[in-house]
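Here come two complexes built around chain A, the first alongside chain B, the second alongside chain C.
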Partner chain A sequence: MSNSVISVISRFLEEYTTTTPNKLKVVDAYLLYILLTGALQFLYCLLVGTFPFNSFLSGFISCVGAFILGVCLRIQINPQNKGDFLSISPERAFADFLFAHTVLHLVVMNFIG
Partner chain B sequence: MAEHHPASDNKHKSALTSGASYSGNGRSSAAVADPGSDAGPAGGGGLSGGLSQPAGWQSLLSFTILFLAWLAGFSARLFAVIRFESIIHEFDPWFNYRATHHLTTNGFYEFLNWFDERAWYPLGRIVGGTVYPGLMVTAGLIHYVLNLLHVTVHIRDVCVFLAPVFSGLTSISTFLLTKELWNQGAGLMAACFIAIVPGYISRSVAGSFDNEGIAIFALQFTYYLWVKSVKTGSVFWSIGCCLSYFYMVSAWGGYVFIINLIPLHVFVLLLMQRFSKRVYIAYSTFYIIGLVLSMQIPFVGFQPIRTSEHMAAAGVFVLLQVYAFLQYLKDRLTKQEFQTLFFLGVSLAAGAVFLSVIYLTYTGYIAPWSGRFYSLWDTGTFPLKYVLALYAISAVYFAGVMVRLMLTLTPVVCMLSAVAFSSVFEHYLGDDMKRQSPPLEDSSDEDDRKNAGNLYDKAGKVRKHVSEQEKAEEGLGPNIKSIVTMLMLMLLMMFAVHCTWVTSNAYSSPSVVLASYNNDGSRNILDDFREAYYWLRQNTDEHARVMSWWDYGYQIAGMANRTTLVDNNTWNNSHIALVGKAMSSNETAAYDIMRSLDVDYVLIIFGGVIGYSGDDINKFLWMVRIAEGEHPRDIRESDYFTPQGEFRVDKAGSPTLLNCLMYKMSYYRFGEMQLDFRTPPGFDRTRNAEIGNKDIKLKHLEEAFTSEHWLVRIYKVKKPENRDRVEHKLRGADTTKQKYTSKKTSKRKRGYIKNKLPFRKGKKTTKKSL
Partner chain C sequence: MAFVTRDGLFGLFLFSLALAGAQALTPAHYLSLSDVARLQSLLNQQFTDLESAYYSVVGLTKLGATVHDHEGVCRFLKSQLDPTDVNSVFFAAETSQAISGCEIPVSNETRDILLAAVSEDSTMTQIHRAVSALRSLGLALASQEVVGALTGRISKEDNVMAITLALQTAARLSKQAELGGILEEIEDLTPRLDDLGGIYLQFEEGLEATALFVTAAYSLSDHVDMEPPLKEDQVIQLVNSIFSKKSWDSLAEAFSVASAAAALSNNRFHVPVIVSAPGPATVSHSQPTLQLLVTDVMSQPLAMANVLVESAYAVASKSVILSQAPFTLNDGVFELNFMSSKPTSGYYQFTVAVTGDTRLVANHVELKVKVSTEVSVTSMDLSVVDKDQSIGTKTTRVDYPSKGKSSFTADSHQNFAMSFQLVDTNTGVELTPHQTFVKLHNQKTGQEVVFVAEPDSKSVYKFELDTAERKSEFNSISGTYSLHLIVGDATLENPILWNVADVVLKFVDEEAPVAVQPKTLYMPKPEIQHLFREPEKKPSTVVSNTFTALILSPLLLLLILWLKLGANMSNFSFTPSTVLFHAGHAAMLGLMYVYWTHLNMFQTLKYLAIIGGLTFLAGNRMLAQKAVKRIEKK
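And now, the complex of A and B:
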């Protein structure tokens, strides 16, 4: 069972490196970085405690929000998904991404205390 | 919606041809309608060259209808302003007005951090953290912008007219929402309905400056933006939806409705296998940014991640992430590979979620799941027009729980009925198009031509049969159509009349000013409340404290501008119970309580002179019950009833009632007043009884003010005496005993002191002899 899981995962990784375009790989690297940052923040919270709670929440939600927005960007610029997003060009997707990030960071700045 | 354009085109063309079809029946109508249908667009083109496009007329028509709907909605809400004046109504709006006034005079940060020490004396109230600021900020912003443009409007007028203006915006957002869900015709009907429907008017008349006035607009607009973002899958629309949701959270506690309906919608889509990347983008963005935005309101605080009402949204968010990730893997891997991973993944995830939920509930971090939450997930009945149906079902449920939430049901009822009317009208006005084509083949030579390509005889027979049938139907068709259309129009007109009547009679009373109508129709205005509040404002010290029952707290704070003890916020039951105890006790015990609370004035409402049934004696039992809840040893409700269990204010009433402070204050000097010659003096018109205790003497209070119709009575609490009063008998000269001295004797008798006190040298006199 574990052998098959490992083989599945390795095959998946190989297919991933060969088939995904470079643009998407950059976005995926960014997503991985955000994920690690969020995990680190959560770990810190578990170790040190939640005071001040609003600061922890704002930092953690900032990571989650950036991750989600990155995933949305990736979905929208993926050429395979063009059928779903006929009216949204990759440039429009990126502009939306920037706008969403502006709103997110303004709120996070207000919340961080 | 694919049917959008053909339907609207149908509507346009049928409007032109239906006029022609009324003129006759049977074959003649066909003949008339033929050139009519040909001449329609051509005639339109001939009439006005540049404006011949249907799209131009369509948008002009939409704009005009929406403008008229706004105007109608605004005007329908103005009854109270025209009949009385531009004044804030009822009780809660007075607090909102006072808060907005504070905002405009002191600035935004002062308002957000406001600690009000003039309410709930001596406790005070943290207003910034216990209020939804959206309403005040909206009114304050409009006032600021207008004054910036040197249009000097008073903040009171902004507050009074805010709700009618926003009703027009609600119409427009309902139009947009229904247009997205159905078509433009239904949208226009929905906009017209919601402009005049009584359920919404009741909470948004001019003068009713309350949260619902702007919250319904925010609700409809948020739903419109959500539908738009699901349709386009664009992050821009999702952020728009988040910002609108933020406005909704700042405006009303009913935002919980949105944060449960949208996840429910997504969950239903998942169940129906209609998951798409657009739904994922829309909901994920909405949830996470909406979450952090909603926590910016101080009153909401950390509730979105703690209470059970918000857990549905979080659950669906996590579910959606997992589902999307699994979809992604499924696309990349073969079936067997996917299955191995899937099995492992699901078991890990289920275990993790289960353990974390148990841990969080055990540590009390998440409030336990209430039954109300479960009933939200009744998956038994799911019709297929998703959003509209879900909205309707959940709104009906909420309205059933709390009547005041009928307000959430109103918009969805408007939309559904608009859809129904629109479909009926389309069917009965729009079918002319389809009926035009068969009559063209009515003549026999056209029959032959048509049948050339088909099975000769059978087709011919069928065609003739059909055309005869249609001939017969033609005769009936226009009549049924016109009857149905007329009926629908009559229904709509009667609805409009009904709405106006209900608004005028039931929802247009400011309740600060009472009006009664005499036999000859002339109006008698009773302005006692404002008279009394303004007396307080102008004749008492600025820091005077007024005790009254909590109903009048906001009005006293708003109109009289004095410190109150308890008000409509009712957040502290013990404090209210203290006030209740003071009102129900005898005068001396009440005086002790009032001294401990630093009360200067007491205000009560008394309706016995005019027969007003909302006065304090009618509410008195509630005061007793609340006081008994906190002080069961001092106050017992049964003491205030007669031995037979009746609540009577006449001679047969219970002595505790006849000697309590509320009774004394209400009926002080009322025993001298004779209202008319048929009734004895001291006849209480509200209770229809002659009062029991007519000569009331107040020891610790003195009457300060009584309004014109004795509706409001204000008493001043006397300061304590300079010296303690000592109860003893005054020494009096005893003139009964006289020792007879005869003047006949010559000897001079020695004089003596009458009633001489016994004197003993060297001994201190006892206190008794003093």
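And now, the complex of A and C:
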């Protein structure tokens, strides 16, 4: 059983490194960073406690929001998905990404206390 | 329609009658004898000029008081008189009429000046004073001309004081003149009175205006012998307004009140009646007569009044005790022997009617009379009853006011019982007063416990003390308690506090007798210190710092990954829009930090709008350029 899992994972990684364009890998690295940051924040909250709760929430939501926006950007600039996003150029996707982030940061900063 | 049946109409008629009766107003304020004396002493001041002399002398005369030293007053008037001034002549003339044997000599010049003042061009005050002076000095006057002047003046000076003076002036004119127009002014002026709570009726110009209006209205009405258009309730409300003030600011005000008092007690149409009891309206066996004083608003007794009790009923039972019973006049006071009707003790509602004169106003008065009596305690039986009733009860009879000879002992197996009756000493009827208490007083500790004794259906009072059940109220302190019976009521003349007997109570689980300190209830209590909300415990700095470093580590990982992937800045073109875009973006991130530390949302939004706008424009440009480059590359 574990054998097949390992072989699946190794096959996936191989395919990933060869077929994915560089641009997407850059975005993927960014997403991984966001994920780790969020996970560490959650771990802190579990271990040490929820004081101050508003700060924890704002930090965690910032990570979650950024991750979601990053995923949206990745989907929109992926050349394989070009058919689904005919009216949205990669530049437009990036501009949307920036604008949404501005709003997200405003909210997070308001809530961080 | 259902209303138009005979029964319906009759019912409606009765209803309106009841309503009218319910709304009959009686005076709440009047001049008592001390008020009249106070008014007189105010008017009796030494006067310094003609005006104050006028107010003093004429005011006192209206109150029926004597003015001293008529000769001195006359001399004063003659010395102060200025024959060329209408006001001066007016004051002197009126005052001289009030005292006897004083003739003010008048020259033709003065007469001409007075006659000239009577015209439409003089003020109302001048016309009034001139006409009054001419009349008081016995000089001839053309009444119809005066009426013309007054009517013309009223249309120019349409205020309360002016119209009141016009009324007063008209009362001095000949009856042959056409005074109807001026008489109508009373009716026109009445709606200008302010109704306060249905009790007071006065002009907003104040007490003096109201009082002078009343005086003038009745003066003119008497003169033309026509009833003034004032309803009974309005008259009473005016009485309330004028006589509610018991100390007066000026001579003029005092004079106006005195004039009004004289007008209301002595005119041909409306004389308000004041019915009052000289002391508390209480009747008892020792004092069987109910006394009433029936006077006018100046506390002068009414000569030809007949006072009658229309009906008297008991408040509690609503049964009618008296109907159409007359009072007898005894030395200025109206008396009625109420006890002869043998009323039981309690409160009675009397409706008293004063008749004998058609002018009387507010002559139906409601009065509450109290009948008090004496109470005595009979058949006081004390006993100690065993709870399981195995041993027979021993009842001891105690007579008021002596104390039971032996003390009673009751322990936790026994009940102490008491029964008695309260009867009216005079009639023998059983009473149920408001307060019947049994007080047990511990002689050693000073503790008092009070219980209520309740009557049963036969009006026999019973009190039972269950020693075991009640021990918490006694704090389980055994010992000798003195037993007192307390009886009281508003209608009892002899409240009772009777030490009936001593009772020894034995409780189980006796605690050490603690001296009861009743005073601790009123000593200052310990001060309460405010406890501020304690801030939540923060984790130690070591933990926080560790986690901060931990959080920053993925950033490191990101940079490493990006380097590995070959992300670089080789495509960075230094076009102005690119530079501006990056600068703007950096500024926005900087603004976020500043927002966290210094600003509030509104300021941030303002700055964000500015920077964001610039960044958007620059970014748009930059991305468009990039898009063009991308398409070119393809």
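Basically, the second predicted complex is superposed on the first by the 113 of 113 C-alpha atoms of A that agree within 3 Å, B and C clash if a C-alpha of one lies under 4 Å from a C-alpha of the other, contacts with A are read in each partner's own complex, and residues count from 1 in each chain.
We take it that a residue touches a chain if its C-beta (ideal position, glycine included) is under 8 Å from a C-beta of that chain, and two chains touch if they have at least 3 such contacts.
Here the structure is a predicted model, which is why all the values come from computation and not from measurement.
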Partner chain(s) touched by A:N22 [first = chain B, second = chain C, both, neither]: second
Contacts of A:S4 with chain B and chain C, given as first, second, both or neither: first
Partner chain in contact with A:S55 - chain B first, chain C second, else both or neither: neither
Which of chain B and chain C A:Y30 touches, first, second, both or neither: second
Partner chain(s) touched by A:I68 [first = chain B, second = chain C, both, neither]: first
Which of chain B and chain C A:Y44 touches, first, second, both or neither: second
Which of chain B and chain C A:N110 touches, first, second, both or neither: both
Chain A residues contacted in one complex by chain B, in the other by chain C: 92, 95, 110
Touch list for chain A against partner chain C, complex: 22, 25-26, 29-30, 32-33, 36-37, 40-41, 44, 48-49, 51, 89-92, 94-95, 98, 102, 105-106, 109-110, 112
Chain B partner contacts - residues on chain A that touch it in the complex: 1, 4-5, 8-9, 11-12, 15-16, 53-54, 57-58, 61-62, 64-65, 68-69, 71-73, 75-76, 81, 84-85, 87-88, 92-93, 95-97, 99-100, 103-104, 107-108, 110-111
In the complex with chain A, residue positions of chain B that touch it: 232-236, 238-239, 242-243, 276-278, 280-281, 284-285, 288-289, 291-293, 295-296, 302, 305, 329, 332-333, 337, 340-341, 344
List of chain C residues in touch with chain A within their complex: 536-539, 543, 547, 550-551, 554-555, 557-558, 561-562, 565-567, 585, 588-589, 592, 595-596, 601, 604, 608, 612, 619-620, 623-624, 626-627, 630
